[in-house]
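Each of the next two complexes has chain A plus one other chain: chain B in the first, chain C in the second.
Showing the complex of A and B:
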């Protein structure tokens, strides 16, 4: 029992509720939300070290022992993602102070932002399948409002697609839950894991696993990503950045949790299927990324490629593959927020998202240009930046399992990523400077600080990988050995 | 009874899918509602249908109803209610901006 692990959920939730009352006090809202997120970072780091020393931490809400109560479980994998979420959210929030506009600030931007964070960390920490559904809805409802906040014509249309797609996938999620409850009679993840391990994973359970995989594939943008490019390019930069950094990752987390803890008995069916979807996602995303010359489109297709890459590691289902996936997942959250913020800053300066309308920005904005260059290299996986370490372990994992086609697709896609990012770099930053400083549509004052923070993080995640690798190894071991999770939840009690 | 309910769920999903494929916004939303209702009924069935017994275990009753699916449905219905309200407001706003509720025309207008 550790009461502290519920803090990343209730802190943003409660603060968000309080902030709703102070609609017009913008400075107050800014300060309080920033303090909340920094508090989340501190708590996550503390919990990370507790888990390192004492193992997986659990909290049975209301004192009801598992599997009857609803539990909150923090293993290393979950808490690493909560920490990354809090760090990325802090940077995006700092960017939002300058860019989001007073109108949106007055209309509950900060409370909604905090509700979104509460939903995301709740999804990471819960240990009950239905509770996962509820936290998904918390973050989705917040995202529905954030994506349509402002009510521009384009936003309304794209949010319609987004909402409809997500409602359908939520309905399918409920269907999956109903089937699973009919077959196993429980919804607690640890209990499901032990029951399915006992009774064996027959064809019926594998079918349910594939259904749940499709649900999370829609949410994560794994193969079923056709809604993603439109929806992520409609809202303002800060909101698009937090979506790109967090929302697809929650779906990926759910796939990881279910297919390492519960449905791991038939990897030749489920995990190879995930691998095929991941390879297709990388190919299609790569084609999308090089085909467009609109910054929004290029960046959103890069989000899609990232999803494919992370799940390639899961498909290999080896120690190295999962290790690489976890590192790449953290790197991806940081780097996607970073490139979206830089892209947003470029659009803010030039007033257009099309590469034709920009040129020679490096002369007027050298820092922005070089940080974009670092981000591009990191995204493509050039050592010693953060993308490299994750990629090399994922590729090693797939090769060890003789899944050469997945590894090969991953490596080729990295080249496509590099090409698409260099296209932006060369078009936007090289060439003749066509915009005088006085002609610029907006200034980047105050925007460079969060961008610099994230750039520093991506360098640190790469160069200082030794420091974080110890934690990631603990997370990988816990993911591959489901008995650790089950023992922590049941805490020595007999499993009914 | 189970067979009847299974057929009903199938019909709900079938008509929901049909409605989602149409062009009018309000029909799409009605279709979504139907599909969510189908999912809720499926949840109800997941506990098994036993008529006439309370969701309590007492000394003299031999059978009891599983209360968990009902708690799940209650939660799902509340969430669905909130989202439906949001969707209706969203579609009204879109109608006001685009002056149409036809999805094809919305796409054309948005690209201008």
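Showing the complex of A and C:
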């Protein structure tokens, strides 16, 4: 039992609630939410080292033993994602201070932001399928409000699609949970895993697994991503950045958890199916990314490509593939926040999101330009930046499993990513400077610091990979050996 | 012409009292029998909604001077903090504790932290339900 692992969930929840009471004290809200997120980072780093030394940490709420009580489980995979979430959220929050506008700040932006973080870390840490649904709803409800906050016409139109799609997928999620409960009689992830391992994964359970896969595919933007480009380009930059960095990742996390812990007995059906979806996602996302010349659209299609890439590693279901996926997942959270923030800053300066209306920004904004260049290289996977390590392991994993087509699609898509990012770089930063400093629509004062922080992080994740790799290896081992998770949850008690 | 709603007003005045009393009964009963903070809170909220339907928002706002959003928030804060009481003894989050106390008027009484948690839940439910009703009934102007 370790009470500390509940902190990443209840700390943002409690602080968010308190901030609602101080609706008009904006400076207070800013300071307190920043302190909360930094506190989350500290707790996550501490927990990361506890898990490294003592193994998976668990907490049964109210002292009710598994599988009857509500369980919270922090294994290395979950806590790495919680840590990345907290770091990325801190940077996006710093960006929001300058850009979100006082109107939104007065209308509960900071509390909603913290509720979103609480939902995300809750989804990572829960060890019960139904509670996963609950935490999904927590983060979705917060995101419904955030996406429509401000009430611009475009926002309302896109939020309608977003809400309807998510309600449908949540309903399917409930149906899947009901099927699974009827068949196995339990919803605790560890208990499900041990029961299905005992009774064997027959066709009925595989079908339920595919149903749940489709649910999370909608949420993660895996193949069923048609709602994503519109919804993610409607809200203001800070909100779009946190959506792009975190929300699809929660769906990806759920797919990883289910298909490594529970439904891992028929990889030639389920995992190859995931691989096919991943390859299609990468191809379609890549076509989207090179087709548009609107910054919002290019960046959101890059989110889609990232989803495909991460799940290609799971499809290979090898040590190397999953190792690469976890590293790429962390990298992707950082880099998606980074490119969205830079894209937002460009739009903020020029007042337009179309590439035609911008040129030669490198003369007036050299730092922004070069940081975008680093981000673009990292996104495409150029060594020694962070995208490279994840990609090389994922491709190695797929080649080891003779799934050459997935690896090949991944490599070709990397070129498309590079092309789409260079298109932004050359159009926006090269060429004649058409905007005088005095003609700019907005200033980037205070925006560069969070962008620089994230750029530093993507360099560190690549150059300093040695430091983090030890933790990722522990996470990979725990994902591939489900008995570690089950033993930690049941803690030596007999499994009913 | 003003419509005649004397009967509605009179019935509401009586039945609201009954509903609110019953909701407190449900809340207290929830400790050992069916009931509890959630159902008690919903019943209270339904009583207030009945008042809102029979009279108008301004009348109710003048008579119940409570900010329902803050009420919901305070409810959640109470619930989470009660859950954290267990942390002081090194117990798991949400562990409840209870004991028998000899109180002046009530005699030997069992007091449990679960009641505090339920109070938080009730406040959260009342606050949320009523503020939803008020916000969808308000005009944009």
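In this text, the second predicted complex is superposed on the first by the 496 of 496 C-alpha atoms of A that agree within 3 Å, B and C clash if a C-alpha of one lies under 4 Å from a C-alpha of the other, contacts with A are read in each partner's own complex, and residues count from 1 in each chain.
We take it that a residue touches a chain if its C-beta (ideal position, glycine included) is under 8 Å from a C-beta of that chain, and two chains touch if they have at least 3 such contacts.
Small disclaimer: the values here were computed from a predicted structure and weren't measured.
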Three-chain arrangement built on chain A, chain B and chain C clash or fit: fit
Contacts of A:1 with chain B and chain C, given as first, second, both or neither: second
More chain A residues in contact [chain B versus chain C]: B
Chain B versus chain C as contact partner of A:171, first or second or both or neither: first
Partner chain in contact with A:154 - chain B first, chain C second, else both or neither: first
Partner chain(s) touched by A:62 [first = chain B, second = chain C, both, neither]: second
First, second, both or neither for A:181, with chain B first and chain C second: first
Lowest inter-chain C-alpha distance for chain C and chain B in the superposed arrangement, angstrom: 6
Intersection of chain A interface sets (partners chain B, chain C): none
Residue ranges of chain A touching chain C (in the complex, touch as defined): 1, 3, 6, 10, 13-14, 17-18, 20-21, 59-63, 70
Contact set on chain B toward chain A in their complex: 20, 25, 28, 32, 35-36, 38-40, 42-43, 45-48, 68-69, 72, 75-76, 79, 82-83, 86-87, 90-91, 93-94, 97-98, 106-107, 109-110
Residue numbers on chain C that touch chain A, as the complex places them: 69-70, 73-74, 76-77, 80-81, 83-84, 86-87, 90-96
Complex interface listing, chain A residues touching chain B: 130, 133-134, 137, 141, 144-145, 148, 151, 153-154, 156-157, 159-160, 163-164, 167-168, 170-172, 174-175, 177-179, 181-182, 187
